[in-house]
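Letters are used for the chains, namely A, B, C and D, taken in the order the chains are written, and counting of residues starts over at 1 for each.
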């Protein structure tokens, strides 16, 4: 139960009948990665066709007629949550560009940390941007590259952008997929029974369309799929595999594998380690639906305390546009979650949640549990404290909003009104995911280890450092601490 | 995971500020009882106002503007699943009737088994029905009653209708709530902090609006709420409290109490009893989301077998209008549920489901589990065989569609492709709910004990009896068996 | 250019391929008779189908899909302007009634002056009305008639209702059309090349669908069209042919014939007579688009003064929902009509209009002409003073709003700011239409000759008499003058 | 009655309260210039805001809410008919561009004949176009101009584009209006009472918003409106005032003045000259509504033959989406125009039309008149033969579709089925408009005098020359004849 805004999801398929429909179903399973808008772009080998709209994929594609114009055997699609760029139809992807020499579709997941600099630089050279999306930066770089051939131009362009990203590009005869050099955003390859290739942000989309998982595209790689099949090339030697911890903790669907680790398994393991690290005597363990249920069942299993359904999520909530007025809210009107009185009444409850961002939702749940009669509420968070903002495609970008950037654990516990509050350790998190050799987790929000740097965001980051963040940076002797000192000197 | 169509939900509030909004939030928590249409009717003490529409409540009321005309402090609302009457805006409730002497709003949950006879009888006397809904029957009976005063006319009318039902009626100064003489459909009373009364199909709606549960309205009772407060009168002495078992098994939200029994608890208990009655050796227990998770965790706890999340439900599924083509479906494209390969692979799985109606969904899930690598799939159903149709407001009305009306257990197991298949016993079901003294469960679909009779449906019921149903009726020496014999003689 | 609200239009076709489409095109040519809502109802010989909606016919039927369910070879349709009954979808016609013994569709044009009495009487007998439309009254009377057979029941019902009306009724095998006993609302019969019959409010609809005019249905007649062809029966002997003058003056399309008199011709003739009756020296004659152009050209021709296009109507105006604010209006922002400066500048202008109701529009046009430079504006109205309200289906029902009920000619001229103001005489109006022998014009609004009486409206009519109306009634020794005196005595 | 597609309309206002609303009303009066889409862009002195949509302005702005975000005192707006660029929301203007250094809005009326060349050239230099509209070309040229300051950059850009055009540009503090060097598209300046300036395609829009006409912007001029008032600068010395004849003949509203000549007057005069040039004995003169009514009344007045309303246009037609099937059309179902039988029956009719493009509509009307009983139909066209396509913003671009490019007068008369057919002479057209000294008419479609050249269109023009066009070019010794010969040599 979180207020972090989610990132985006991409899906592509090459040379399969009903490509647009397959993309629709793939995107549908990635809907949790973005609900603000969606689009599908296809090619029939000659022309490109696209349809985009604001809202859920089921709203944008609500009728078989919506597929009539999306002809062709190859397709890319996108579900968007705005990590940058405002909420307007012209920011909804995939974008389609028609040039005198060729047409191309493009969509993207993530955040480019040097987009602003590049943009200003290009505008000074006469470039005109139509959207406020980072996605457009890449196509300008491609068109201005002096390399020969589209593949080399794409590689050239990719070498100029920094941050965490996945790009899909589609021309009339080729599907491309690229991942940032640090592998911060996921991209998996699947294969349908008939041999058609799939590219998707998560493996759940590969499963849903009946395809088989083949491999992941890792940092610095460019996948090229055409009539000759799939080849994976490196566009840089400066590679580094650091998988975003947040994909396991909150973003990805439990049935997906990220970097070959199952998300549900990682969460359940995190819950088990949390139970070992931060045990407490209680009657029942409950999870905050839906993202914390795996961790809660892991905690319960390890702690040998009954796992119960003490919180119910209204399954129709996502569609609600009417919110209770403040007055009604004070009268106790609530919509999203209900505490089940007969489960929690007079019970010592361990409430497992995946993470704490602003803390407002957790605070409300703790209150709700007490109102339903719980005698104690022990909050256990299946991830470490979120002390720092993230800049690689996850919308946790303001320090001022992060509870753990502004309070220590005791203050947070008091703020939440909980009996006790504990977090998983960073080591516990690393152990729960247990990545293969040669890979590590990107822990930016937990320890300010920004593997791709901060780019255009560095100045604002340093200017808004909280005392708690400062202390943390000092303790770990972070390079940003020294930059802070230098800035403060001026 | 079910294909039974759900019934309706009603909600009313008397003398509270923002009555329409409170009704909105109440209905929102009852959305699981009906998704085809919804409406809200209010009164400001002078006039009645209403707004109705097809679709989810969040679609019909998508804007604050939708509440502008719903002024007043009292309100009734309805979420509809068509149990009878076709899907058209003119069947969406609440209905509003304006007479020369007064205006009245009315909505209803359930099914009137003698509606057709009454309707034909009234039409012969010049009555004109506008909708095809059973709801309209009551208002015609009220207007033609020769009793004095609206309360007595309502009681008179109620005595003429048979079946399972809840009615809410609202005039400019009074809110009425009535329940059929057998208590087949639920109606609970709540009270807001300021003393305003609430009537609702389920207690979850009372909780959601911040009210406190007060009591239930049972069979044969008419609740009358006006400026003098609440009074509950009996409209008949022919009363009988038989709570619909299906509310516990599938319909109601787990956080609701029906007849003072918590639904989640009843389901968990059913799972535990099922584990005792029908044990099997296995590696993991999984539930079919969402309605079977309580029973599955009960089974797991009793059987001491790990409870795992082997099936994932796409939380955005309810909004999907695009379905995979047959060809895509054969290629393995699926949307609603996914089996989690890394959980079920090479495992002996106990799959707990709440009930089997047609069996098509269960069959698909079993297949999905095998495809995800399960070595054995033991299906355990947390309710008895659904052998007979229901006529009291639950849309299980065709024998030909009920798997258990057409196959014995071995045939069903083979049809599902399961390793084994077992059901909860009727006694187990009764024990799991464990109603208070003086109440019993309505088990109509399980044992043909139609407590309110069959009315206009009897002839069609007898004409479509299957061999398995006939055998069952014979074995229990049911009165319908004798009617069958008589019918066959002719 | 008028602010009278228009009445309704009806159209029916029996036994023709694409009946719904033919009805659509017929209704489209009757759109000027009502813009608030529209509907089409069809039958395929077994069932009845209908579709209704608020707004223009091109909005309600905006897609070929809208016709998919309107199958069958016979159809009735309606365009509505609310003469009574509020603006709600449930008042949009045709209504469809399903009884245990048959189904019937019904729609209606006009106003029933005893509808309120009948309704209250029927409600006391248990009847329930669903709409606030007069249309519903007839069907209740039909269903309660004790005559044998539908034809006799319809005749019986028609004998109970008073006012000005046209009804169309459609069952699975028969199309009926009825006109009030005074012939106040028009109904024409046409025949398609293949022999299919058409019923329509105006002959323009018969022309538009490529049919040939056959005859009119006059007062007290019931047309019955079935597989045996057309027969016209009288339902009363109390018949009287008085055609509504307003159809010629303003309502009907210029290309229609009402009672075999062409509307454009009647208007042009009215303009010519007006020129003779009320000549004036001027440079140009202009008409207020569109309804006054015929009269203006007649005036010009007779007066031998050039006919010019001094006022332009924005042809897109009907679709505008945004109105200038008061401030913008004062700044001169206007939308509907423009005066053409280069035509009227420094000219003595004769401005011909069809009628004056409230006078607000005429006042605005006179002002506009002066602002565009006209040196004199002589207003000539091609109909007599509208002194009295109308109750037979034309929405001029409030005396307080009628300019001529509240001011004499000099006051009106001053109010309009015109150089001079003159009206056509009543005799001139009668001469301009020149009906066949045995017919006369209904002149109710001009001389209070209410041929069908006032029914339920009489009391309010008498209570709101203005001094000018009183004087008029006295001068003509009207029976209403004596009723007034009697009322005042009390 | 025409099938030429109309061009676009632009409107701008600087420093007036309710700027967006004023623009709305201005655009509403220009709706006849484009119905495919519309948009309004405003500035509050800091930011720019816009809203665009497909369809009529009353559809795109259907609610006061649509103006909520269009804050500010300056605004530009556009109604679009696609002369080039496909029908998609991304081609709907005004466009808004946000650069790191400023934001700008832009809209345009007309056609750039060297847009394709410029575009390809710019793309080779890395430019990325987002729309397929010519409008975008100008902004790319501005951003790439090496001049100093926006005014000089705009002038520089304007000097690179050829064709017929009007551009409006709006920044946070300045409104610009530019006209092509040949003055092919109109742009007028008005002033509100409070001194605010208006720019509009036609003077009718200036009248409608209550402003006073000030002057026209002629070829090669750039109007600059800011807090210092209005100044008009020349951006080129290569100027030439050639007003498009088509504005008078068909496009503009009759109440507009183009180059200080009233459109209605010019049309009436054309009708009078036509009557002198091509007299014929007849009973009545009728015009094809609405654009030919002025010419028809002129013809009638000159010929002293009665002017009658023999054709009626359904005023609701523009909103119709449902068309008669071929079968219904053969049965005589028609919607747009009706011939009035009682006017034309047994009459010798002169039917005046403004022009003939494809001839299909004229043919249909002639047939309709005969079917309504006309004994003779003499077609008189109030403009010369349209022999050549136009490329300056009027969609008559295919020779193959022009009746007069493919048939001589006798063949056309036979094709139309008319008794006789005559056209206004070119000299007659010039006389009817009677422009001031120093101005002449652009007669491109009549005599191939393409004052701005053909640019990118020349090759296709020459390749599709018809024999009649070839003969014409030869007879006038046109430079295109020599180019044709040269082309044919190859």
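Following the convention adopted for this analysis, a residue touches a chain if its C-beta (ideal position, glycine included) is under 8 Å from a C-beta of that chain, and two chains touch if they have at least 3 such contacts.
This structure is a prediction, so every number in the text was calculated from the model and none was measured.
**Student:** Please state, in steps, how far subunit C lies from subunit A along the shortest route of touching chains.
**Tutor:** Between subunit A and subunit C, the shortest chain-hopping route counts 2.
**Student:** Which chains lie in contact with each of subunit A and subunit B?
**Tutor:** none
**Student:** Give a one-word verdict, same or different, on whether subunit B and subunit C use largely identical residue numbers at their interface, taking over half shared as same.
**Tutor:** same
**Student:** Between subunit C and subunit D, what distance separates the C-alpha centroids? Give it in angstrom.
**Tutor:** Chain centroid spacing, subunit C to subunit D, equals 38 Å.
**Student:** Can you work out the whole-Å distance between the CA centroids of subunit B and subunit D?
**Tutor:** Comparing mean C-alpha positions, subunit D is 63 Å from subunit B.
**Student:** How many Å are there between the centre of subunit A and the centre of subunit D, using C-alpha atoms for each centre?
**Tutor:** 51
**Student:** I need the residues of subunit D touching at least two other chains; which ones are they?
**Tutor:** Answer for subunit D, listing residues that touch two or more other chains: there are none.
**Student:** What's the complete list of touching chain pairs for this entry?
**Tutor:** Applying the touch criterion to every chain pair yields A-B, A-D, B-C, C-D.
**Student:** Please give the residue numbers of subunit A that touch subunit D in the complex, ascending.
**Tutor:** Residue positions touching the partner: 89-90, 97-101, 119-120, 123-130, 132, 136, 139-140, 143-144.
**Student:** Could you pull out which subunit B residues touch subunit A in their complex?
**Tutor:** Those in contact with subunit A are residues 17-18, 21-22, 24-25, 28-29, 31-32, 56-59, 61-64, 66-67, 192-193, 204, 207-211, 253-255, 257, 262, 264-265, 290, 293-294, 297, 301, 306-309, 312, 314-316, 318-322, 324-325, 327-328, 331-335, 338, 340-343.
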